[in-house]
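Per-chain residue numbering starts at 1, and chain names A, B, C, D, E and F are given in the order in which the chains are listed.
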Amino acid sequence: MSESTQQVARILSEALPYIQRFHGKTIVIKYGGNAMVDESLKRSFAKDVVLLKAVGMNPIVVHGGGPQISGTLERVGKQTEFIDGLRVTDAETMEVVEMVLGGLVNKEIVSLINGHGGKAVGLSGKDGDMIKARKISSANIGVDYGHVGEVADIRPALVSTLEADRFIPVIAPIGVGEQGESYNINADSVAGALASKLGAEKLVLMTNTAGVLDKQGNLLTGLDAQQIAHLKDDGTIQGGMMPKVDCALEAVLNGVATSHIIDGRVNHALLLEVLTDKGVGTLVRSEVRSELV
Amino acid sequence: MSESTQQVARILSEALPYIQRFHGKTIVIKYGGNAMVDESLKRSFAKDVVLLKAVGMNPIVVHGGGPQISGTLERVGKQTEFIDGLRVTDAETMEVVEMVLGGLVNKEIVSLINGHGGKAVGLSGKDGDMIKARKISSANIGVDYGHVGEVADIRPALVSTLEADRFIPVIAPIGVGEQGESYNINADSVAGALASKLGAEKLVLMTNTAGVLDKQGNLLTGLDAQQIAHLKDDGTIQGGMMPKVDCALEAVLNGVATSHIIDGRVNHALLLEVLTDKGVGTLVRSEVRSELV
Amino acid sequence: MSESTQQVARILSEALPYIQRFHGKTIVIKYGGNAMVDESLKRSFAKDVVLLKAVGMNPIVVHGGGPQISGTLERVGKQTEFIDGLRVTDAETMEVVEMVLGGLVNKEIVSLINGHGGKAVGLSGKDGDMIKARKISSANIGVDYGHVGEVADIRPALVSTLEADRFIPVIAPIGVGEQGESYNINADSVAGALASKLGAEKLVLMTNTAGVLDKQGNLLTGLDAQQIAHLKDDGTIQGGMMPKVDCALEAVLNGVATSHIIDGRVNHALLLEVLTDKGVGTLVRSEVRSELV
Amino acid sequence: MSESTQQVARILSEALPYIQRFHGKTIVIKYGGNAMVDESLKRSFAKDVVLLKAVGMNPIVVHGGGPQISGTLERVGKQTEFIDGLRVTDAETMEVVEMVLGGLVNKEIVSLINGHGGKAVGLSGKDGDMIKARKISSANIGVDYGHVGEVADIRPALVSTLEADRFIPVIAPIGVGEQGESYNINADSVAGALASKLGAEKLVLMTNTAGVLDKQGNLLTGLDAQQIAHLKDDGTIQGGMMPKVDCALEAVLNGVATSHIIDGRVNHALLLEVLTDKGVGTLVRSEVRSELV
Amino acid sequence: MSESTQQVARILSEALPYIQRFHGKTIVIKYGGNAMVDESLKRSFAKDVVLLKAVGMNPIVVHGGGPQISGTLERVGKQTEFIDGLRVTDAETMEVVEMVLGGLVNKEIVSLINGHGGKAVGLSGKDGDMIKARKISSANIGVDYGHVGEVADIRPALVSTLEADRFIPVIAPIGVGEQGESYNINADSVAGALASKLGAEKLVLMTNTAGVLDKQGNLLTGLDAQQIAHLKDDGTIQGGMMPKVDCALEAVLNGVATSHIIDGRVNHALLLEVLTDKGVGTLVRSEVRSELV
Amino acid sequence: MSESTQQVARILSEALPYIQRFHGKTIVIKYGGNAMVDESLKRSFAKDVVLLKAVGMNPIVVHGGGPQISGTLERVGKQTEFIDGLRVTDAETMEVVEMVLGGLVNKEIVSLINGHGGKAVGLSGKDGDMIKARKISSANIGVDYGHVGEVADIRPALVSTLEADRFIPVIAPIGVGEQGESYNINADSVAGALASKLGAEKLVLMTNTAGVLDKQGNLLTGLDAQQIAHLKDDGTIQGGMMPKVDCALEAVLNGVATSHIIDGRVNHALLLEVLTDKGVGTLVRSEVRSELV
């Protein structure tokens, strides 16, 4: 029997404690960035999701789609403005957002997962009245972002129904307001709110970075609330990483066991993070304990 | 007690036999035409669907969206050709179809129904691998319609899961091929195939006509297979009504109890057809019995 | 499409919010008076009960039968005395009461409901040890009313079993004492006690009056505890209406959402009260809120 | 340890094989005669029924009430005629029958059983539309027996619902016709039809005799179809025993395992027949096997 | 009908209140002593257990096996030492203990019960990780008893699974330590701990004595905590009876309704104790109430 | 990201199709030989079993224990004779067999599996009356093998109960005869009979060989009934391999999908056989199809 065969056996065997620990647990994954573009990364992501489901966990996918939205807006000749990183979203733009996120991107991910043996079901927050939203309160006085919203409430009945029947929910981050109006919501926030509401085991944010880095550029593999406060104070955490870290932290403060900011540019990043000790990013807990997962 | 109050009581009371007979039965509705455009008709449709669900039936909505697709194609400056009434659908066009049907039209109907107290869930045939499709075999030699498909198989697990939990499925007529490729399918056909597969009680096709008319323009309220054969032979049934009648007939030959071609331009057409003896169109059975419903 | 058809549609449609609100809720109905005698009223009552069940509510019928008891007593030549409106009930009289209520009246109502498509099951309080009773404590010193009782306890297991299987319980107001002895109990009180114990949504008392009237003879459509206190103080509520109002009020103070004193002489009074905004009597709540049902 | 204690232990222990064999099985008991009159016999009957239920069987009681009906008819001064042993039953008489059987006798048995710890529920064949009846076809040309009927169909849903929730059904032999009219049916026949429909293990007919006797007056402890034919031919089985034996035989020919014609004048006759080898009457099988129970 | 038949009926009938009271309740029985050796006692024990299960209770058997262990140790020529009544148990001895208790004695009891119609399942505390044990803390300084343990925790999942499916658990008193090592535990203690953890109705300790005797040698039929304290103070309870009484008392202080120290030398002792008023030993409660069972 | 990490990911990912295909399927494993002796092999076996259970399959372990039996027989000074490879087993020897297999070996395997996070439950064929046996019919006239038996019937209720609650059955190959007598049965046969009765997906026989070899000593990786017949004819399959192959073949002829004769001397042989394409032995099917698993 070759060395290689025993290696295979050992690697499979080492996944056992993770499979046991996370059996029946919900894992909410924000899917985006390169992992949604690169063909090899897309396939490895789909396999990972299907594998997690197959071994008894309940993965839920929330996706973004900024670049695809921009592409389509361009195509229809609609110009939009960004203020403080948020796209001002009028009714016509919102229509494009819904078409692209709900009609195109969402269903492509569904197809991708089903093509690898899963039973994915694509949803927007309108389905089953799942994501109730409200207009964001503008930080800039005088700016009206239009249909940009934030999560007001999550109604998890639909997701629970689907999970119980071996389906994998894939969710576009669109919310519905009091009057039935649509809102575009940041996908990280939707993922975080879902994870909190469902009492998820893990919130996994897939990014185009290696994770949170220190000032020397080294990966910080584990962080807790106190450490995060320091790193924000001394400017280590800044820019685009700031809201990701805040989202990750808020989830664990709301009962999610662990949040993970992982490197979506790595093949099988999700599987490695959940089923092995080979973490590929930064783990966030409310309090760092000696035995980090 | 005014006459009017007694009238109210009597009318409600007269719905009882229908409610009892159709309890727990599935009713597949093809929603389209004016009923999807006119605000008053939209509201009355939504109320009807929610009422049918509330009194114990299982309505399933399948919708079209041709005009909305044309509008968006125009907006992005994409020209398409129709051959024998079918839009030649290249990959780029299919992308628009999916965006419009799955992202926009589907979710608007979901919102509409939820706004009247239902719990609708929007799906395309990709979700849960529900509608397996194949490319239509072209009648015209040499014509390639691209992504125009027909139903190859229905996998009803997802719909059954949703029905059992008081959700109302709303389905965009998009199918998925062997290689995961998308197909645009005629919505009537999808509704018919679903009704057959689910052993539905009724298939209801909402149209912009009064139903099937005889040569004098009078409504034919009930038809069976034999009568339909005659009416096709003598040219009474022709044009756009032909495929509708075929679809209605095929469903009843496949086990659906009755098919209905109804006038979607009438407020509450659906409710009137299902819960009263005031039919608003043509009923199709495999054999006409003396006591027509 | 005629005006009339649209009227039908609108009326059915307007029942929707009531059907949704009361889905799965228990509605205890005291059935008696003219509604139990007049053939047309009997039929409309039966239809109403069956309709409420068909659309998802759980009606429970409690009936009286004073006139039928008197008739049979007369027939067997048994004379009885009334003191303060209560029939002094010796053992022989009680035997007649049980025969008439449990054997005759109860089963006629069962037959009536089943004849309209329901699945009624006739019960007395002895069945399943459902209504535990005790002898009423006589207000008049020295008077022994014999087998006249009041509710000591309700054991709802049997009713719950039947409700869960789509049966409609029809209950004769006979209770059973500590030693297995029978008691004749006021049917309003039994209905009220059942409604309280079951956490019913509604207690509906069908009477031979239009409801509670003010001194000018106008119907009072809504009353709360405070208003009732006033109306009793100033003598507006008096006589036979007094115990009805007390019964209605006690139920809402014990957790029933609303009590209704309705006009059983109106065809479909029950249906109108539950499924429309055309109330046919007086609604009693613990506190009147602005939006009266 | 005294002899007596060991006797107790042995006797209890000997019931074990019967308890195991009949676990979860239905036993339909026709209750009548002295056992319904004598106070000691009544108590022992009630204890037996409750014990059978407690150890896991499903007893169902069907009762008669001829003497009580006659008594009440006399009291109301109503004269009736018997032709060939059947009471000619006009509408007024039927009303008395229903009052006495359904209102009085039925509920007394319910009370009796509940007083010994059971959870009995009294029913007539109208409840849950359980016993469908038709008028008997008169043997005597020209005689109209009025409301005397026979079983047309048994709808066992209600009995099944009650059995599943530890209730003991007690059934008055009143059936309901196509038009909702009432029929008085022979209680043995009702018990037999119920036992057949429910696939009962046993049909037990309690009588005022020791069982079937031979010409010398000795008890015949076991009979099969062939033996019964002989005994009828040679006149051993005759008179009132004839229909009992026919009823017992018909049940076993319709799938009931054994029928029993037992001596209801013996205390605990039911318990002895079911739980011991001390049979108290005649056992009827379709074919007598060597090991008679 | 002979006297004897009525006696049989009466005795069966008198078991009813016990069957009703203990329906669905768990009864943990420590089985040992003569009852495990004498053929007649073995049979009567097996019948009793099967009967209790058949009438709806949940018996659980815990057994010892000291004599059988000694016999096998002798056979393999292994000498062991007793200090303060406990066998010093090295690894080799423990192996014999497991073989004898788990492989031989346990399966003999299983066979015995199954031979009388039960569905017994033999288990040791290792199965389903059921009995977690720790090494006893030695009272004698300097003595190492080796693999003699005490209960650290009971994990009742396996027992619950078996009970729910009509199986009868038969348990060898072997526990498993933190490192997977085996411990021999006193069977009374295991029975007591199981009874407490399962919230049993009864703990029954079968002994080779008549029960707890007073100084005159008369049986004490009922004891409470206070009385036990006195009897220990004045030396009435002493020697081998001391730990039995302590075990019985601890169970009732931990929520078991009653403990019983019964005379296993009496045929059907178990059945007599549970199903009759002919107790065969001493009942222990936390507080003696007037109406002792 | 190092090569190694991607290797880990790929290997895990490649197990997916096997996990999906065998979800909820039963896999009966005959455990024996070196894999039961070598410490490293024991650990890898336990991990494999727990992993298969964790990812959704239902492994059932049947074990032998010949060497341990011989050891103990020697220790107690009991001499036994082998005729044609079968140990003549008198009553005393059978007692040792039961002690060793049921008390020692069985519980060690339970402990081993539980120590790796499983919930194993050790059983013999007596438990739940699971394995009914009969004495083998001796091939040699005049030889009485005593308590050597073969499977007469499998009663799978107990195994099904345990599987449904996430327990892993571990079964000693002891059967019980008509009179409750014990039989020692070949463990391969027990495993095969269980697999057939349970409609298992796989029967895996762990051996001390590489599998079935051809005459050149090369492994035959796949065999069907026809090939096996040839290989037996030409003497390729002979000796101890003969009954193994027969057992494997009989199982697939009785409905088991595949049988596997694998090399138990390889670490993680079980896991490799079930979850990878790196088979470690010979696969037996009723008919070899082109695409061997």
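By definition in this document, a residue touches a chain if its C-beta (ideal position, glycine included) is under 8 Å from a C-beta of that chain, and two chains touch if they have at least 3 such contacts.
These numbers were taken from a predicted model, which means no experiment stands behind them.
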| item | value |
| --- | --- |
| Target chain E, source chain C, minimum contact steps | 2 |
| Chain pair among B-C, A-F or E-F whose interface repeats that of C-D, sharing over half of the contact pairs by residue number | E-F |
| Whole-Å separation of chain centres (CA-atom averages), chain A against chain D | 69 |
| Interchain centroid distance [CA atoms averaged], chain A/chain E, Å | 56 |
| Separation of chain A from chain B, taking each centre as the mean of its C-alpha atoms, in whole Å | 36 |
| Multi-partner residues of chain A (each touching 2 or more other chains) | none |
| Graph class of chain-chain contacts, one of line, ring, star, complete, other | ring |
| Chain A partner contacts - residues on chain B that touch it in the complex | 72, 75-76, 95, 98-104, 106-107, 110-112, 114-115, 119-124, 126-129, 157-158, 161-162, 165, 167, 174, 176, 180, 182 |
| Interface residues, chain C side, partner chain B - complex | 1, 5-13, 15-17, 19-20, 23, 44, 47-48, 50-51, 54-56, 116-117, 263, 266-268, 271-272, 275-276, 278, 280 |
